[in-house]
Amino acid sequence: MHSDRYKRGLDKLKEVDGEAGERVIESLKDVAPDLADYLIEFPFGDIFSRQGLDLKSREIAAVAALTVLGHAAPQLKFHIHGALNVGCSRQEIIEIIIQMVIYAGFPAALNAMSVVKEVFQERDKAGMH
Amino acid sequence: MHSDRYKRGLDKLKEVDGEAGERVIESLKDVAPDLADYLIEFPFGDIFSRQGLDLKSREIAAVAALTVLGHAAPQLKFHIHGALNVGCSRQEIIEIIIQMVIYAGFPAALNAMSVVKEVFQERDKAGMH
Amino acid sequence: MHSDRYKRGLDKLKEVDGEAGERVIESLKDVAPDLADYLIEFPFGDIFSRQGLDLKSREIAAVAALTVLGHAAPQLKFHIHGALNVGCSRQEIIEIIIQMVIYAGFPAALNAMSVVKEVFQERDKAGMH
Amino acid sequence: MHSDRYKRGLDKLKEVDGEAGERVIESLKDVAPDLADYLIEFPFGDIFSRQGLDLKSREIAAVAALTVLGHAAPQLKFHIHGALNVGCSRQEIIEIIIQMVIYAGFPAALNAMSVVKEVFQERDKAGMH
Amino acid sequence: MHSDRYKRGLDKLKEVDGEAGERVIESLKDVAPDLADYLIEFPFGDIFSRQGLDLKSREIAAVAALTVLGHAAPQLKFHIHGALNVGCSRQEIIEIIIQMVIYAGFPAALNAMSVVKEVFQERDKAGMH
Amino acid sequence: MHSDRYKRGLDKLKEVDGEAGERVIESLKDVAPDLADYLIEFPFGDIFSRQGLDLKSREIAAVAALTVLGHAAPQLKFHIHGALNVGCSRQEIIEIIIQMVIYAGFPAALNAMSVVKEVFQERDKAGMH
């Protein structure tokens, strides 16, 4: 039986990007289902469910962080979708990533922009904003 | 004579944190004044002066990015002040940094929290929010 | 009232390095007590309390990871103490850090060795192995 | 004629993962054979041949370090095979990588888990533990 | 109308690697043309156009930096071509990357060497040194 | 008895910065003298003693790499001294570090410039160029 943290986390994950979230959980099923549980419980059940910072701002922070990390393209893709799903405009996403040039240089921003391009194409096909 | 980018950048820098900005520029005066010029022109004159993302959101993105980097305490300090100066609450700063545990682990967040503590103490002394 | 995860985490934290753990929790009390709670619940209550990898091996993995990160001296210090507390020899600590030259180069290993030196001196003074 | 360090390194490399090691050496043959020599001599001939930390613990440290680095998938793959070859269980590998969430966040651990999955599938096909 | 910085940058970019530069600019056209402008103006128009360090030395520094970053393969590829275009020998490129083992470990150098191999093959086909 | 690699390394180390090198070796004497040996043998005895890239270019590459790493201030300090000792001008050092803004952003370059300032002051006092 799942904890309250898990249930709250799953709801929050669905609010950000349910479909992509399910794919991550599915991909961990065989090898490390506990990591999928932690992912739902801690980032989504604990952190994203906190008061004090609205969900759109959390997604702005996530896109910034994942751009700067440089080695997290799948997670950046997830949160670009997520940011758009919770109210960011495409232009805002682009602005965040351009801004990251300041903190992490051009390579991190250019590589993030390739992910942006992929996401925008997926959403164009699906008729999403 | 300074370019328009420089003037626009200096205005924007003052809007974020003029006093701290001056200290950075002053510290570069002897060794690399051109780097101070680039700092004013590019991050502040070009990027922070762009439309498409409000200044508070830019500061949220900066605090997130600099927390995740891990090696940028002086710049993180600058942007925690900056974020508070342009409308973030203390609670929002704390929330952003707690969220960074997800992307960069506990060490990055814990070390950023030491910087937060320093900033809050400085602002308490100065009677700032 | 604290959760089972918290209680289990606090016990595990005490097993690794109770005194240092208390200092971290204390230092977060004013600014971000929730981050202290997460630190006890997630790394110690959830992860370090898992079966499948013994505590000494977990500390070896922690020392390796924190050496490679490069920006986590306070956490590395904590886990060098922790590794020694749960059964690593001083020589094993040194071996792990020398090995990290392979993955992260000499600077990361040399800087970690400064932390090792500090820890050994503290333990010499306290008459600990 | 090869040095003692080279011979000792080649033996140690074969103990960890001879087949994968040969592929790396082969791939460097045209462009930088000296780098292949250094790889055999320094990490394997010097470091992995040292006393003071058993080979299984060295592989635990390697998997931890390479997970945290985030940009070293081919080397992580090599050392997951290596860890399994020198006595780690599959569960232990998974535990190390889940633990890395603490130090480097979820993206590093999730991306490492994709490498784990690949390794396990290769070993399933080959009938290896 | 483009600024002097843009024109100077475009000239410098062509001096380093015009064809690859055009592909980057083209790829940003739809999603973030402004980032392409910044890329021409700031790194090439401002920095690479400075006196005080010759172009070959700048390319040596770029190859070193991008090897160490670890997450910047496309940009490393660009600057290996660039370094060769402005007067580095193939041997010098290999030497820089082998040297990076010291600062960032074997994984960063080995992964950079895969990019070198790709570049050399492209240039062999094109009959370039 | 020391190997040829050690002797060659010690000579090369002295050529780069003998005094600072001795301090590093001294500081490792109690805790990890083997790491000091490796430092002399591998980076200096093997790599810096190679043909194919002149010593000044190697120091340019080192300063670039260590600036970008962000967590290697002591090693950056060593190599700024080293670069100046083997023929770089102060202006060239400043140029390399300003250039690193492109690959690693402003924080890495600004923090490296603090190290530059320290080195220049030390050399001013000692009457060195």
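Each chain carries a letter (A, B, C, D, E and F) given by its place in the written order, and its residues are counted from 1.
Here is the rule we go by: contacts are C-beta pairs under 8 Å (C-beta built on N, C-alpha and C of every residue); 3 or more make two chains touch, one makes a residue touch a chain.
Please read these numbers as outputs of a predicted model, since none were measured by experiment.
Should one ask which of B-D and A-B has more C-beta pairs in contact, the pair is A-B. Superposing the C-alpha atoms of chain C onto chain F requires a rotation of 120 degrees, rounded to the nearest 5.
Rounded to whole angstrom units, the spacing between the C-alpha centres of chain B and chain C is 30. Centre to centre, using the average C-alpha position, chain B and chain E are separated by 29 Å.
Averaged C-alpha coordinates give centres for chain A and chain F that are 40 Å from one another. The residues of chain C that reach two or more other chains are 34, 38, 42-43, 50, 66, 69-72, 75, 94, 98, 101-104, 106-108, listed in rising order.
If you check the complex, the residues on chain C that touch chain A are 34, 38, 42, 46, 50. The part of chain D that touches chain B in the complex is made up of residues 100-108. By the touch rule above, chain F contacts chain C in their complex via residues 24, 27-28, 30-32, 34-35, 38-39, 43, 66, 69-72, 74-75.
Contact residues on chain D toward chain A in their complex (touch as defined above): 69-71, 94, 97-98, 101, 106-111, 113-114, 116-117, 120. The part of chain C that touches chain D in the complex is made up of residues 42-43, 47-48, 50, 52-53, 57-58, 60-69, 72, 75, 89, 91-92, 94-96, 98-104.
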